[in-house]
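Heads up, the next two complexes both have chain A, just with different partners, chain B and then chain C.
And now, the complex of A and B:
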């Protein structure tokens, strides 16, 4: 009687001991990575969100105070803010959609046994490895009014990056070029994970190529598509370097993406508090759109 | 019937992907006189390597390249040193901490950088680290760490726990087991993570732009971006040459780790 009564707690005790030792070990192992992450990103992130409610300025000795929602009130009345959000949305949606469609096309081709596939595969990965600054400079050479090749090919005489009509399409083309590799590689990996039996079954049932694509490829690829388009959208909406180098937001703010606007406010004019509120606004826009997109995808998946 | 169409489509892709690269190469081989001509051609009439020599002659560019190299090596090594123990813990003991670390990896993708850059800039300023390469290394480590952690824990997970335990049973201590059994199997993954961190730092622009102000500490991407002024077409040749050279390190390293990166990204993409 007494033996059976005392055993269970003892066993539980013995089992919990290594677990707590394991916990301590985990903590010690995590610490070297945890300290810089807490100190230099989680901490600043929280602080940054707090700054959005202050009138902080760039100067070292400047004191600042809590101003409530004043920054946001100013933001909503600032036409430059709205135009940067509009430009940002046009850019991010166009680049994401075009990158996805072109990337899917290329992935489908690379999945076939075609000659030249090796070359295309190498080329499709190169932009991924290039420094964004070099990509921006390279496209500047392409679009250059006098020395650029685009005017040479088309026989036109357009200053692409100074033209109000053409500048946004011009940077979108560069964005697609720069974004295609990652998207293509991820989609290709997704395609290669689709079991071949599904296609064989489809063939036996007499499904045509298009039907097989619609009823097998797309549904099977869905999780990968949702993941990569979401990531692409967030990355594109937060894009800075490519466009900074190519146009610096010009002409006349036509390509001033939200991050370029925020950078200018913070580091050219020194309005830290205002720029932080802009960061919060950008985050809300991104999370909101992402939330709606993912929610719709999930609802579709469950119905 | 179907094949020719596919080849045509593939050719269009190849042209689209290749033409800016070819143009960059072509520009880098042209003489200033040819650059000034109003009728640009694909193939340089009088190919020259002078632009590469000119780019090297620019003191700033070589110095900036060396600084970039230093920052990238330091960031890569420190990132892996800091991430390795944590990656081991994440892979072997799945608890609250591991889940939080995974969560942070995902969250770090969504936040607008501006929210972190401003306060980070203020922190660095208090530590007297703005306008220093050490400050930039700190920033690069912080921002490479999440993905490096993610990659590394995948590689640790791929080393069977049984191997480690078997070594312990054979009388090797825990540390010995890790050093002599886990470490060799993990080496390729560590190299891949090192190279990935190197490329991230070598290519990085925005943080460098915020942290570094004076030309004598600027890294290569900053110098390249400054290189194009309103001087017209005369300096485009050397600029193209310098751009090409700046791409070589990341291109080589990327070629080595490409496959591994793909699998890492896939794991992340599907789980995300």
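And now, the complex of A and C:
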């Protein structure tokens, strides 16, 4: 694609030779960037997808063979797979929606001329600087049944991370907390790009605050919103480390996100082929959902 | 299509995106040549209690000083994620040479060919010092390969509040004359009054505990057919212990239902306050009781209960050698030193567990009445091989089927017939894959 883009228009006449030479030059220039991408990203990805069609399993010097769609057939009959997809969807949708709503609120607030705004903006970004493992450990202390802050504040005696009812909401709260900073920052950047004149015009026309928000802020912010929510969704659906540290998928699989399920299959039980087919299936789910969402947004935008 | 599984592992890591966990990566092993350079060995240790880490490090240091030709590096691991870490290292072809683990994990690793068969490498002295029942916990496969050296064993005892027992005037059992399960149930009922429960069953991880105790009545939970296929079985023998624990919680109400969600050490604060009179727990918990209990708290360790026998499933901690180790003979030498009777006694004291070494077990400090060592050490004679150790796929059965099913059963959500049905039907489906 880059090749066509960089080709000057006049090259269309003198076709073969200059184009191929230029193509070669472009290729040479791109090579240093391309090699790592092919080697470390595309290669393993393709290899992983190929694995999905084999009966690969852990073992020393194991050989394995092509099994076609058997892994996928097993996958679709595996109730654990479906429950992990359900858990993953509940988790990804709630975290994305809540993060977006709270992030938008915070961004609007930080966009106002407040005292200590600079400090507040910095503080809002702090969770971003924390590695997921640290976040997980920190929230484990918050939710700890005996020594936890949460039980201390509420005066309750609930083992949040072992309770079948509370565990999913509990990790969703953590997910929102961890996801807020990037969403807020992106939305804040979007807000600052909205021309002030629009608001002035709105004010002159007598639009109330809510009307200004609905008719100016939201439409202007829409591309940013679409981008950040879709990114957040993919990110959350593929979340691993946060939940791995906090609950390890328990209790009884109530927080077993799809990635944790794949990890378990591969590294605990040693079914590499099966885990790879899971990866492919998850990719299809994410691409499918995202495709529908983006397609609808585009259609709305163009109509 | 032939591929090496090392590549496969790398691909999975890429495909499943972020792969967390604490793969220490392992130090790149120096390729020790036959020349003057010393052989380097990595020793992955899972010791975590302070005394035990100190004992481990001290033994390694002694070895390094005495053997300049074979230098051992102590690598700290953690029980939480050791098996995930090892799979990655095995697949990457760079495992630690000497691996500390426990016997339930060995069957799977051995069948995948990751571990070296030590059968012909064991020095006679080490082999004779450890009884055959312990060797059975690490012997797998048709050829009877030995895939580790068992060195610390855990048995289940009962830790009890002495004042409450004395007040209720119950018979204090001895290793030769232990309580039967019936007696235990009756005493638990007797002790249940004034806000005290007779017993607390911490059942956050119920499976190993239940299966080990089930042997009291000969319950094995697994059977191997003539075709070599293993299936799950929950018959009358298996149901005994399940039913008895369930009765204490729901019928006698002599066991606190709140304790069910607790890990082994979690009921301790309530135990010190007298909320529970007895805790059926592993021997190692004595350490925490001895060190944390309030000054005036009196406790006693009671021998294991008796059903048709006092047999319990033995799980041992082990040292194994990786198949990919470049210096298996040197590693074996290190293991024989590390597990000699004197060192085993040291390690057992550090972890408050039972040594497999018969010489170490007769060490006076392991037979004293202090802190229940006499009872703990005596309980070692009841240890037999837990049948589940030999079951390939046990780990998946345990985490996917048995843990949730037993948790729901003990919580009173499903009946004994339902739990039996789930353990068998869902369980057999899991085992089919192996």
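Criterion: the second predicted complex is superposed on the first by the 267 of 303 C-alpha atoms of A that agree within 3 Å, B and C clash if a C-alpha of one lies under 4 Å from a C-alpha of the other, contacts with A are read in each partner's own complex, and residues count from 1 in each chain.
The working rule: a residue touches a chain if its C-beta (ideal position, glycine included) is under 8 Å from a C-beta of that chain, and two chains touch if they have at least 3 such contacts.
A quick note: this is a predicted structure, and the numbers were derived from the prediction, not measured.
Colleague: Contact-wise, after the overlay, does A:253 reach chain B, chain C, both or neither (first, second, both, neither)?
Modeller: The answer is second: A:253 touches chain C but not chain B.
Colleague: Scan A:148 for contacts with chain B and chain C and give back first, second, both or neither.
Modeller: Touch partner of A:148: chain B, not chain C.
Colleague: Please indicate which partner A:36 is in contact with in the superposed arrangement: first for chain B, second for chain C, both, or neither.
Modeller: first
Colleague: Pick one for A:66: touches chain B only (first), chain C only (second), both, or neither.
Modeller: In the superposition, A:66 contacts chain C only.
Colleague: Scan A:159 for contacts with chain B and chain C and give back first, second, both or neither.
Modeller: second
Colleague: Have a look at where A:47 lands relative to chain B and chain C in the superposition and call it first, second, both or neither.
Modeller: Once the two structures are laid over each other on A, A:47 reaches both partners.
Colleague: Is it chain B or chain C that touches the larger share of residues in chain A?
Modeller: More residues of chain A are touched by B.
Colleague: Please indicate which partner A:57 is in contact with in the superposed arrangement: first for chain B, second for chain C, both, or neither.
Modeller: second
Colleague: So in the superposed three-chain picture, is A:275 touching just chain B, just chain C, both, or none of them (first/second/both/neither)?
Modeller: Both partners.
Colleague: What part of chain A is shared between its chain B contacts and its chain C contacts?
Modeller: Dual-contact residues (chain A): 40-41, 44-45, 47-49, 51, 60, 132-133, 146, 238, 240-241, 244-245, 259, 262-263, 266-267, 272, 275-276, 278-280.
Colleague: For chain C, which residues count as touching chain A in their complex?
Modeller: Touching chain A: residues 1-5, 7-21, 83-84, 87-88, 90-91, 108, 112-114, 204, 261, 266, 269, 323-324, 393, 395-396, 399-400, 403-404, 407, 433 of chain C.
Colleague: Hey, which residues of chain A end up touching chain C in the complex?
Modeller: For chain A paired with chain C, touching residues are 40-41, 44-45, 47-49, 51, 54, 56-66, 80, 132-133, 145-146, 159, 162-163, 238, 240-241, 244-245, 251-253, 259, 262-263, 266-272, 275-276, 278-280.
Colleague: Looking at the complex, which residues from chain A come into contact with chain B?
Modeller: Residues in contact with chain B: 22-23, 25-34, 36-37, 39-45, 47-49, 51, 60, 102, 105-106, 109, 112, 114-117, 119-120, 123-134, 136-142, 144, 146-149, 151-152, 177, 180, 182, 185-186, 189-190, 209, 223-224, 227-228, 230-231, 234-235, 238, 240-241, 244-245, 258-259, 262-263, 266-267, 272, 275-276, 278-280, 282-283, 286-287, 290.
Colleague: Any idea which chain B residues touch chain A in the complex?
Modeller: Listed in rising order, the residues are 2-3, 6-7, 9-11, 13-14, 16-21, 23-24, 27, 35-36, 38-42, 81-83, 85-86, 88-90, 93, 95, 97-98, 101, 104, 108-120, 122-123, 125, 138-139, 141-143, 145-146, 149, 199, 202-203, 205-206, 209-210, 220-221, 224-225, 227-228, 233, 236, 239-240, 243, 246-247, 250-251, 253-255, 258, 262-263, 265-266, 269-270, 272.
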